[in-house]
C-alpha cells in the first residue's frame, strides 16, 4: 500500500498548527504503517513538493502496491496530470484531507482527482489518514467488517 | 448518537442496487448501533423523506445526543434549512455518502451542509456509515486511537 | 396509474385564473380517471404541498401502479429528492405542466426531474393532464395507436 | 394545419434507430394526416434542412393554415429567425420532439422557440407528433374533450 | 393577520445568541400580537420547519387574514413553492429578517420570495418583526401615519 | 440624525408617479423631521445627484450625527465609494428604498452598501423613510420598545 | 450600394405592427433608392430568409457596390458566417435596426456583426434605414456635410 | 433641444486623434446648433466630467427642451443614475457615440442607458452627432421625411 | 471521399490573404483530389454558403463516400444541425481549419462538430486539407503507415 | 527537431488501451525519428512527468532544434508556464493529441498552449504524431508538397 | 508631478486605523513632496471625493506635470471615466494602494485603471506612495538607478 | 533575504526583449544583492522552472531568511501549492512582476499568491525587483524612511 503526501505536508506539525495540529508527518506515517501491518499489509510512504514526483511514485506502484491513500495537498485542486496518473495505474485510491476543505476558501472546494478515486475522507486531522488506510483495506476485502453486498 | 438518513434511503438495498448494493437500511442501522455500543454509546437512527422531519430530529437531539452522523441524500445539495439546523444545534456532525458523489452528476458535487460539519466520508458504500460512526467517536475523544495533538 | 400534483395545485381554479383557468383539481382528477378507465386502467390521484408526501406516494406506488403522471409544481425546479424518487421507483413517469413554463420567469425554465421522466407535456392547461395520461398509456403499449417500432 | 420538420429528420427511421426508432417520416406524416382528417382538418407537411425554407413555409401558412406542429430539430436550439417567424405569423404552434431532449446533451435542453409556442410535447417518439396534432386541435376548440374554462 | 416563522426559528433565543439575541419566539409573537391588537387587529402566529406546513398555513389564511408577515428563514433562499403560495393567496405580505442577510454568506443575499412581497425589513433583530407588523398595518390603511398619495 | 437622498430623488412626486407616488421629497423630509423630534432628536436632510456630495455629507456627519438614514437611489447599485464612506464614518446607517427593488429590473437587486448598513427597509413608499427613522432610533436605544436582548 | 434585409423583414408592415409600424419593405426600399439617387448613387435591395442568400449577395457585391446597409434581423445575433462575409468582402457596412434592440429581450442585445461594421443605427423605425443610407454616403465622402478630420 | 457630452469629451480633437479625429467639441456643437436651427429648433449644449452635472442638466431640461442627444462617454457603461434621470425627465433621448463601441474593449459593448433611449447611433465620428440631431427631429415629427406610419 | 467547404471559403485566395494565403479553393480541391487518387480513392468536393446545402451533401454521401473531410467555416461554431448530420450519416469525418483558430477571437475556439468527428487538424493553411485527406485515408486503413494497434 | 511527451505518456501502450491503443512510446519515437530522417532531419525525443523538465527541454532546444512537436498531456490544460516556454524559445511548435480531446471530459477541451503553437492535430492515435512531424517539416519548407503561397 | 487621492482618503489616519494606520494624508503629501524635490521635481497633490474632480485634475495636468501617482480609492474598481482620462492625457501614471487589495473583498481585486497605468504598487501602507513617486521618477529617467535596457 | 524567480525567467534579456528588455537575470540578482547589502542584509537568489524547487526553496528559507521577494512567473496564476508554501513559512513576502500584467492577456490578471503576500509591485521592468527589495526592507523596519504608524 502506498501512502502519498503532496506539497507542504512535510511542514506538518510546524506549519499553522492552529489549522493542522502538532502531529508530524513522521508520526502519521508510523501510525498508518502500524495499522496496515496489523492487517498484514506493508505500507510505504512518500512526500514531495514536486507534482512529477507524485506521478512517478504512482507509476512505480503499478503492480507493486495493493492501493493508494493520497493527500495531494494543493495539487488536489489543480493537477489533472495527477488525476490521469491515478486513473492510469488503476489502483484503488482513497483521497484524504486533514482539514474540512469545504469550510475553507472556495478554491479548495473542488478536487480534480475525486472522480477517479474510490472515495474521500476529510476533516478529521491525522485521523483522516488512519480512516483512509482502514477504508482502503476494507474496500480490498481485507478488513474485518462484513455486511451483505456493497454497491459501487 | 443520532444517525440520520435523508430521502429515498429507505429504499436502500432495493433501489438501483448496481449503484448502492443490496444492504438494507436496517442492516446499516444495526451495524452502526453495534459499533457504537462497542464504544459504550447508544445510537438512535431515523430516516425520513421530509426535510422538516430531519430538522425536527436534529432539534430534539440537542442536549440528548453526543453527535450526529448524517447522510442527507438529495437534501445534501439543496437544503440550507438543514444546514442551519446542524449549525444551530451545535452537535459535532459527520457527513457520509454511500457513493462517490464526485463521480456522479455535477449537481451532486456540491454539499450545502459540508461547511458546518466536522468532516465528510463518501464512496465506501455501507462502510461509509461505519467509518462515520467511528470518526465521530474518535473526534469525541471516545476512540481508541491517540496521536499527539489533532488540528482543526 | 398514479396522478401526482405538487404544491399550490390544490388552489387550481381559484388561484390566478387568468394564468391557470377555472377548472378545479377535482375536475381534472375526474377527467383523468375517466380517461384511464376507458383504457381499463385505474387511476389514483394525490395532491400535496409537502415534498416528502410526494416522495412517499411515489415509494408506495412501486409494484402497485403501472406508471406516473406528475405535475410537480414548483418542486419541478428545485427537488433533487423528487428526481431521485422517480428514478428509484423505476416507474415510467410523464411530466406535465398547465402553463407553457418557457414563456414565464427564467427560473421556471429548468426542470430537475425532466431527465428521469419519459417525456414532457406543457402549455395546454388541463388538457396537458389528459394528454399526459394518454401518452403514458400509449407508452405502456395500452394505447390504440400503432406505427412501426418506436425509438427511445 | 402545417406539420414542419427541421434538419436531418428526413433520415428518420434510418438514422440512429436506437435513439429514434424505425418509423419513417412518411409514416409519421401519413398518421398525422389521418388523425387531422378524422377531425375534418387538412394537414400539409414539409421537411427541410434549410432554416430559410422552414421560415418561408411558415410565412406561406399565414392565412392558410389553422396552426402549426413543428419539430425544428437542431434549429430548436439556435434559430432566433425561426422564433421570429413563428411569432410573426401569429398561428398557434405546438413544439414537438421525438426524444426526451432533457436526457441528452446539455445544449439540447434550451429551446429558443419554446416561449412563442403554445406548448411542448417531447419524449414519446413518433407519438409526440400525434399528441401534438391532437393538442393543437383541442387548443383550436376542434377537439372532443371539454372541461370548464381552460387557462393560459 | 398571520405571522409566519420558517425553519429553525423555534430555537430563537437559544440558537447562536451572538447572532440572533436571547429573545425567544414566544416573546416576539406576544409583542407582535400586542402591537396588532393596539390597531384592533388579531394576529395569529405559526412556526414550522416543514416547507409544506408554511404553504398550508398561507392557503388557510386566504379570506381569513388581512395580510402576512413572514420570516421564511432558510426557505427564503430556496422555496419557489413558498413564493407561489404567497403569490397565489394574494394577501399583502411583508418579508422580515432578524439579521442583515447582506452581511452574511453570499447564498443568503438572494430571496426567491422578495419579488412577490410588498417589501422587506431586515437587520433589526426582533424589531424587524414589530416594524414589519407596523408596515403591513400602514400598507392596509390601518396605520396612523398619512402623507399624500403613496406610490407602488 | 442625517437623512440622505441620492440621485433623481429631488424629482419625487413628479417623476413616474405611478411608481413613486405624488408625495414630494419636502413632504418626506418634514415628516421624518417631525418623527425624529418626537424622540427628541434633530434631523438634517440632504439630496444630491452628485456621488461626491453624498460622501462629503457623510464625512461631515462624523461626530455630529447619531446615525444616518439613506436612500442612495441608483448609487445603491454602483457606488463602492459610498460604501467606503459609510464604513469609514462608523455611524449606524439604515438603508431605505421607496419601491420593492426586488420586483424591478435585475440590476436593482444588488446593493453594494447593504453589507455595511445595520439593516434595510424597502417597498413601503414614503413610509419606508419613516420606518427607517424609527428603526434607527430604536437601534440607538432611543425608541419606545424593549424586548429582551437583541442580537446582531 | 447594397441594401440587405434579413429573415422575416418581408412581413414588414403586416407583422406585429405595434412593434414595427405599417410601412412595408417596398416602401422602405423605394425611399432608400430615392435618397441614394439624390446623391447620384444607385441602390439595389434584397431580402431573404436564407442566411446563405445574404452571404451570396454580399459576395456578389464585391467590386460592384460602394458599400452596404444591412438589417440582418435575427441573424444579427447568431450568424458568424454573415460576419465573416462582411469582413471578407471589405465593403464599408452600416448596421441598422428598426426597433431599439436594447429595450427588447436580452438575446437581442448582442450583435455578432457589429464589430466588423462601420457603425450602427437602431430604434428609429423605417427612418433607421434612411439614416443608414445617409451615414454610409457621408462615410464614403459623398455626403454634403464636412467638418474637419473625422476619426475612426 | 439639449446636447449633452460626458466625461473626457472636452478633450476631443486633441485626445487620441487616431481614434476620435481632430474635430473639436466646439466644432460639433456649432454644427449641431446650425442643423437644429435649420429646422427652427434652438440647441443648447453642455459638457461635464461630473456625473451629477449631467443629471442636473437633464433635470433642468424638463419642460424646457424638446428632446436630448447624449454622448455619455464612459458613463454610458456604468451610470444607472444617468439612466434613471433620462427615464425620469421623460424627454425623447438619442444616444450617440463617436466610435464603433462594439469594435473596442468588451466593457464598452454594454450601455446601461440604451433601454431608456429612443435609439442609438454609433461609429460615424462627429457625424454621429449630426445624425443624432436629425433622428431626434424626425422622431419629433419636425423632420422633412414622411413614410407611412412608423413603428416603435 | 467527400471534401466539404463551408461559408466564405469560395473567396479563398482573394479574401484577407494575410490570414488565409493566395491559394484558391480550386487549387486545394485539385491537390486533395490528386492525393486521394494516389491512394486509389475518388474525391468529390463542394462549397456552399448555405448551412442546408452542407447538410444535404452529407446526407447524399451516405453509402456513397468512404468518409468526409470538412472545413465548416463559421458554421463550425454555431451549427448543431451540421453536427447532427455528421453524426447521422455515420461516415468517418475529419475537421480541418486553415488558420489556428485558437489564436483568433474567443468565439472561434469552440467547435460544435468536434465531438462527432474523428479528429481535428488546424493551423497549417492549405496543408491542413492535405493532412486531413491523408489522416482520413490512414484511419480507413488505406494509408501506407502501420504501427501496432491504434487506440480510439 | 524535438519531440516532447508530457505526463503519463510513458505508460502508453499499457495505460487504458481501449482509449490509447497498444502502441508504446518507444514505437512512436522510432517511427517519428524514421520519418524525420527520411526528410534529412534528426529528431530527439523526451518524456517527463515533470512540468519543469518539459520547460527545461524547450529552453535547451533554442538554437538547436528546427522546431517542436509536443503532446503535453494533462499540462495542455493547465500549464501557462509551458505556454510561456513555447512562446519564449520561438521555435515553430505543433500540438498533437492521441485522442479526440473534444469527445472527452469538458476540462480537456481547452488548451492553454494552442494559441502559441502553429497548429493542432488530434484524434488519430499514434498517427497524430506522424502527421505532426510531417506538418512541422512542411511548415519549415522541408516538405515535399508545394501549392501557391500559404497564409497564416 | 501630480499626486491624486480618490474618495475617503481625506479621512486617512482617522478612518479604520487598524487597516490604514494613523498617518494622515497631509503627512503623505509632505513626504512625497520632499522625495520628489530631492530629485528636483515639484509635486502637487489633490484629494477629492468627486469622480469629476479627479478627471478635471488629470486634464489640467496635461502639458504641466511630468507624470501622475494615483490612489483612486474605490473609483479604482468602478470608474471607466477615470481610466479614459488617464489614457487621454497620456501622462505616465503609477497606481498605488495603501492596503493589499487582493487580501480584501473580491470586488476590490479588479482595477479598471490598471491596464492604462505603467505599473502598480500596493500593500505597503504610506510607503506605497513613496515607492510610487520613486518608481515614476525612475521611469522618467530621472532616478538614480541604471541597469541595461528596461523592457515595457 | 531570498529572491525567487519562477519559470522562464532564466531566459530574461534574451526572451522577447520588446516585452522584458535586455537586462539579464544575473544583472538583476547582482543589483538586488548590492541594494540589500547597502542595508546590511545578505540576499540569496534562485531561479527554477520547477514548481517544486520554488516550494523547496521557500521551506529552506524558514528561520534563515528575513523575507522573500518573488516573481513567480506563470506559477503566479496557477500554483496554489506555492501560495500554501508562502503562507506556511510565514516570512514576509513581496510579489513582483516585470511587466504590467493587467495590460496583458486576461489569464495573467489573477494572482493566486497575492492574498498571502504583503504587497505587489508590477510594471517597472527590472526596477520592480529593486523596488521590491526596498519595500521588503522598509516593511522589516530596516529602511531609511519613517512616517508615523503604518497600517496593514
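Labels for the chains are A, B, C, D, E, F, G, H, I, J, K and L, by order of writing; each one numbers its residues from 1.
The rule we apply is simple: a residue touches a chain if its C-beta (ideal position, glycine included) is under 8 Å from a C-beta of that chain, and two chains touch if they have at least 3 such contacts.
Just so it is clear, the structure is predicted and the values come from calculations on it, not from any experiment.
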{"item": "Chain pair among K-L, I-J or J-L whose interface repeats that of F-H, sharing over half of the contact pairs by residue number", "value": "J-L"}
{"item": "Distance between chain centroids, defined by C-alpha means - subunit A, subunit E (Å)", "value": "48"}
{"item": "Distance between chain centroids, defined by C-alpha means - subunit D, subunit K (Å)", "value": "63"}
{"item": "Separation of mean Cα positions, subunit C and subunit B [Å, integer]", "value": "33"}
{"item": "Computed distance of Cα centres, subunit B from subunit A, in Å", "value": "22"}
{"item": "Touching two or more other chains - residue numbers and ranges from subunit B", "value": "50-53, 78"}
{"item": "All chain pairs that touch each other", "value": "A-B, A-J, A-L, B-C, B-E, C-D, C-E, D-G, D-I, E-F, F-H, F-K, G-H, G-I, H-K, I-J, J-L, K-L"}
{"item": "Contact footprint of subunit G on subunit H as seen in their complex", "value": "13, 17-24, 27-28, 31, 98-100, 102-103, 109-111, 114-128, 130-131, 134-135, 138-139, 143, 145, 147-152"}
{"item": "Subunit A residues within the subunit L interface of the complex", "value": "6-8, 10-11, 15-16, 48-53, 73-75, 77-78, 107-108"}
{"item": "Complex contact set, residues of subunit L against subunit A", "value": "50-53, 55-56, 59, 78-81, 83-85, 87-89, 112"}
